[in-house]
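Pasting a structure here, questions to come.
A, B, C and D label the chains in the order they appear, each numbered from 1.
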Amino acid sequence: MSAPARPAPLLQVRDLRKHFTRTRGVVRREHEVVRAVDGVSFDVMPGETLGLVGESGCGKTTTGRAILRLVEPTSGSVHFDGRDLLALRGGDLRRMRRRMQIVFQDPFSSLNPRMTVGAIVREGLTIHRLAEGEAADRRVRQLLEEVGLRPEYAGRYPHEFSGGQRQRVGIARALSVEPSFIVCDEPVSALDVSVQAQVVNLLADLRRERQLAYLFIAHDLAVVEHIADRVAVMYLGHIVELARARDLYREPLMPYTRALLSAVPVPDPGAARERIILHGDVPSPAHPPSGCVFHPRCQHPAKDAACTQVVPPLEEKAPGHFAACIKVPAGA
Amino acid sequence: MAEPLLAIEDLRTYFYTAAGVARAVDGLSLAVAPGETVGVVGESGCGKSVSALSILRLVSPPGRIEPGSRILFEGRDLLALDERAMRAIRGRRIAMVFQEPMTALNPVFTVGDQVAEVARIHARASRAVAWKQAVAMLDRVGIPAPDERAREYPHQLSGGMRQRVMIAMALMMKPALLIADEPTTALDVTIQAQILELLAELQREYGMSVLLITHDLGVVAETASRVVVMYGGEAVEQAPVAALFAAPHHPYTRGLLAAMPRLGLLRERLQTIPGTVPAPTAWPDGCRFRDRCSSAWERCAAEHPPVYPIAPGHESRCHLAHEPARRDGPAAAGGRAVRA
Amino acid sequence: MSADGVDRARRAWARLSPGARAAAGVIAVFALASLLAPWLAPYRVGQQIDIVHLASLPPSWAHPFGTDRYSRDVFTRILYGGRVSLSIATLAVVVSATVGTLYGAVAGYAGGAVDTVMMRVIDALLSVPRVLMLIAVLALWSPVPVAALVLLIGLTGWFDIARLVRAQALALREREFVVAARALGAGPARIVRRHVLPNVLGPVIVAGALAVGNVIVLEAGLSFLGIGVHEPLASWGMMFQDATDQFVSAWWAVIFPGAAIVATVLAFNTLGDALRDVLDPRQLPGHAALEPPETAHG
Amino acid sequence: MGRRIGARIVQAVVVLWVVATLAFILIHAAPGDPFGYDAPSVTPAVRAHWRHLYGYDRPLGTQYVLWLRNLARGDLGYSVSMHEPVRDALANALPRTLYLMGVAVVASFALGIGLALFQVRRLGTRRARWAGAVALFFYSLPDFWLALVLLLAFAYWWPILPAGYPVDMVMHGYMAPWPAFVDRLRHLVLPALTLTLLTTAAVARFQRQELLDVLPLDFVRTARAKGLDERAVIRRHVLRNALIPTITLFGLALPALLGGAVFVEKIYAWQGMGWLAISAIGMRDYPLVLAAVLVGTAMVVLGNLVADLAYVAADPRLRVG
């Protein structure tokens, strides 16, 4: 995927899969395989933000966690800075965790209610022996300041903070071990608009100052457009489109991406727009449709029997613009 | 505006908690005309959901609607009705759709049962008749194979289908007013689009009024004819939808619009509103937004702003209406500089 | 306890109802009285004052709770009996809580097959009626030393606590702060110690308080059957056994030890209920009916 | 459904096997001689005969197999204190215990659920708080103490009820059907009341908590928004959901109930299993004690099995995947 002249990717994900076995029903027991992530490949360059968007259940959160090995991937490969993450065990894996961090969605459940904010931010320093005693205290204060919190707050408990402030604590915790890559898992979707903007700005500033790379997972397309360099769209465990943000939002190639973009309500009552309403629900990832997983809901005029049989590969249809649709011609 | 269907006058709903009196709704006034869709927007903690529950008098202790509040519906003050008369209105004249369709449905009854229950309460329909009506209603809200679906339990349906069931339940008695409290917040955008379209369609068909409560300005812009912006338990701005988005007057409304990331509108950084919503136990004196407002001056601390007319049908609770020269542009910039 | 623990305890105390504080007071009084029994008691423990003249006397100024058929002062025996009953109950619950917490935390945090097997074992153990089991074991070994009694009671009483802790740990495992700790590189031991155990402590304390009441009753019952505590020790349950034969003629020897048991157990249960209300994780600061400022729309 | 029942039955059998093994270990690890009865009629020759009869002179492994085989055949040994096979002694006692417990279970679940509903309907009122305090009080009472106090109160101080035994031991056999029936009832009142009061308190406390957990859920608000009156909201929507966990309480309450029955039977001379077990302790009649434990365990396992299946049947989320 990368041109020869470009620097080596920081993160290289190839054909990543995560299948869960789920037991349904007590009476009629069924074991079914849920293909939460079903063959996902992408790169993240140093300092780059890759947006990962999709509706609930599309596998975006599982992708983020599988990369960090917070859930064990079923198959595939993840290389970070050239090292095979899936081959790491025990202490090696724990050491590697310094380089990659995660910020969560839920500002209530992401902080241990029994620890002070200072202790939460300090934990990473202790685990990786980055600082002790006085030096650690100083570092914690510095980190809190950096995310826009008063250092005096280190002695307080999470419940004394608002949602936006808690998100800042979560960011400080991630920064404490000085990672070069952070998975931002819906970091602003639980926040109100005005606070959401504060946190998005903070993440953007930190990225610039620290040359951080983000995998920015979200369902809000507008937020992703604002922060991402490139965007990948997921549907039912697959990446169906991947392109530079500007290209993807201006000229989406996949019928799904188009429908998704057109469904976003716009705060402009007069705007003339053509809305594509998708019918039906997202199918269950335990029983994905054959061929193109999107075909039952697809409204592409050229949809035909081939769509139900051929699994469309993610192909480069235009320079740097990948789409998984057999009806989209190359060079579109 | 014609004789309103619903007129809320100086509604105050307080919660008497150990931490003090939380004035969740504190002086809200708004009106809904027959057949109209009014959008109520605001961030969490602004009192919009409590207002909705107050209309149906479903606020649970320690919450209480304070004396002096009035909710006029079809000419009667709901707050003066006895419980029996109020029950005859709930679900029949005023119906409600909630945010979380999973938890809002009873897990141990079939969805058909739950929809039919409304007809059994209000129309005294027999079991069989109510069931038939329920199936017809499920069909009307776009549930495929309603006969079979009616016999299923909520956990067997998808989120979108569950919300359709909620809507079917609400519309069984063809109410005059539908209160929809964040009806699409728990849903994905593509499903949200389906549900919003369904609501608009049903509203036209039944000629009912809709009070749509949401935090999403986009949803309001696309569905409402008039908008009420709430902050600190009261309405800070009301206007026809076009006017509000074209020329927002209140600094809070402006800040909200500026903070919202929009598709296709790339900015270097997002505008933010500094600080956080104050606690409902301690609204600031004077203007409740003044701590976060870049235009605030002495008067804002001294005097609680009254409702100023801005244009026909457009009102704002901001002293800037008197002294427009003091406005210093849209809400203050800067996220990093903001200290918690 | 750390400074933070003391602070939390203080805040919890401030939120307790008057009834619960009274219950804590009753427990404190009983604990102190039995601790200070040698100084408070008018007679020596087990002293038969005058078997001929002073047996089975009704309550009087000299003997506030009367005397039993061996002419022992009931009040004195209750003070000393409290020592036995309270310490057996407390120690047994400490055993139960420790075993149950560790077992539950491991099962819950490990999850999967380990959890399934560990919980099947608990299900099986829960099917054995505790009282019958204890009766059988104690009867076979009777008389058992007190330490063995404590261990037996403790080791048959940890299943509920284990289930409670396991359910909590299972839920905690999915909580994002635990995932965050893993992402930071924390190992399982650290996660259980720093993130799981502190968060299950509240429910364990509640269950422990209720269990103390339970065990006091249980030990009394076993002693009442003559297979619990043995002479020369006397627990409240044993006093009961001594006196039941004559409970029609000398009711005071039955009623007062019984009342001591009831008062103590009631106090522990009241306190347990109150602590549950205060420590309930479902009751977060603020009120559920109010949207927490700035967040929600989850 | 079949597979689940099958799996649960296998599990139940495993539990019984484990308990039987434990019992075997107990007998052999216990100090003293299991045939060391303190009875003048037991001569060393008789003792040796018993040892041989029950295979105590064979290797441990053989004994274990024999023990299990005998158990499987329902042969639980010979009870010296009762002078009959353990099986016969239990066959007489078990129905009495089941009768007493059955009455207590039905009465206490009905009363307990009713009391909890009362408290929740009148939440926050003085009467509800009193009801809660009364439940807590009875919950805190030792079973044997309550049994004795009731006995003292209603059989001695105010003697309106008989003091013990399931029936009048002397006269019952000569009574006409109706007086005999009344006699049975009069003897049942005190033991059943004791057990019911204690269990009612536990059920009420549990059920109240379950109701309170359901009450704030969203669907209750939906029911109110439909225009249902509060009675119907609680009866139909809240109670229906809150009763599901109570099914598990039935299974969990059985061991406690059985424990309570031991004391109640002892005090009221109700010749059921508990009474039998305790008499056996005094006589050092170990086979009888262990048999009582085994049968008690079997009862609980069976009760849990029923509760488990009922739970699945009651909760649509489990019934249909």
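We adopt the following convention: contacts are C-beta pairs under 8 Å (C-beta built on N, C-alpha and C of every residue); 3 or more make two chains touch, one makes a residue touch a chain.
In this text the structure is predicted, and so the values were computed from the model without any measurement.
Chain centre most remote from that of chain A: D (centre = mean of CA atoms). Relative to the whole-protein C-alpha centroid, the nearest chain centroid is that of C. Between chain C and chain D, the centres computed from C-alpha atoms are 23 Å apart.
In terms of their C-alpha centroids, the spacing between chain A and chain B amounts to 31 Å. If each chain is reduced to the centroid of its CA atoms, chain A and chain D end up 55 Å from each other. Chain geometry summary: the mean Cα position of chain A and that of chain C are 49 Å apart. In chain D, 216, 320 are the positions where the chain touches two or more neighbouring chains simultaneously. Contact with two or more other chains is made by residues 285, 292-297 of chain C. The set of chain B residues that touch two or more partner chains comprises 43-44, 60, 215, 276-277.
Interface residues of chain A, counted against chain C in their complex, comprise 65, 68, 70, 93-95, 97-98, 100-102, 104-116, 120, 123-124, 127-128, 159, 162-164, 170, 173, 176-177, 190-192, 195. Contact residues on chain D toward chain C in their complex (touch as defined above): 11, 14-15, 18-19, 23, 26-27, 30-31, 136-137, 139-145, 148-149, 152, 156, 216, 252, 254-256, 258-260, 262-263, 266, 274, 277-278, 280-282, 284, 286, 289-290, 292-293, 296-297, 300-301, 304.
Of all residues in chain C, those touching chain D in their complex are 120, 123-124, 126-133, 135-137, 139-142, 213, 217, 220-221, 224-227, 237, 240, 244, 247-248, 251, 254-255, 258, 261-262, 265-266, 268-270, 273, 288. Across the interface of their complex, chain A is touched by residues 4, 175-177, 179-187, 190, 194-195, 198-199, 284-285, 292-298 of chain C.
By the touch rule above, chain D contacts chain B in their complex via residues 124, 216-219, 221-229, 237, 240-241, 244, 314-317, 320.
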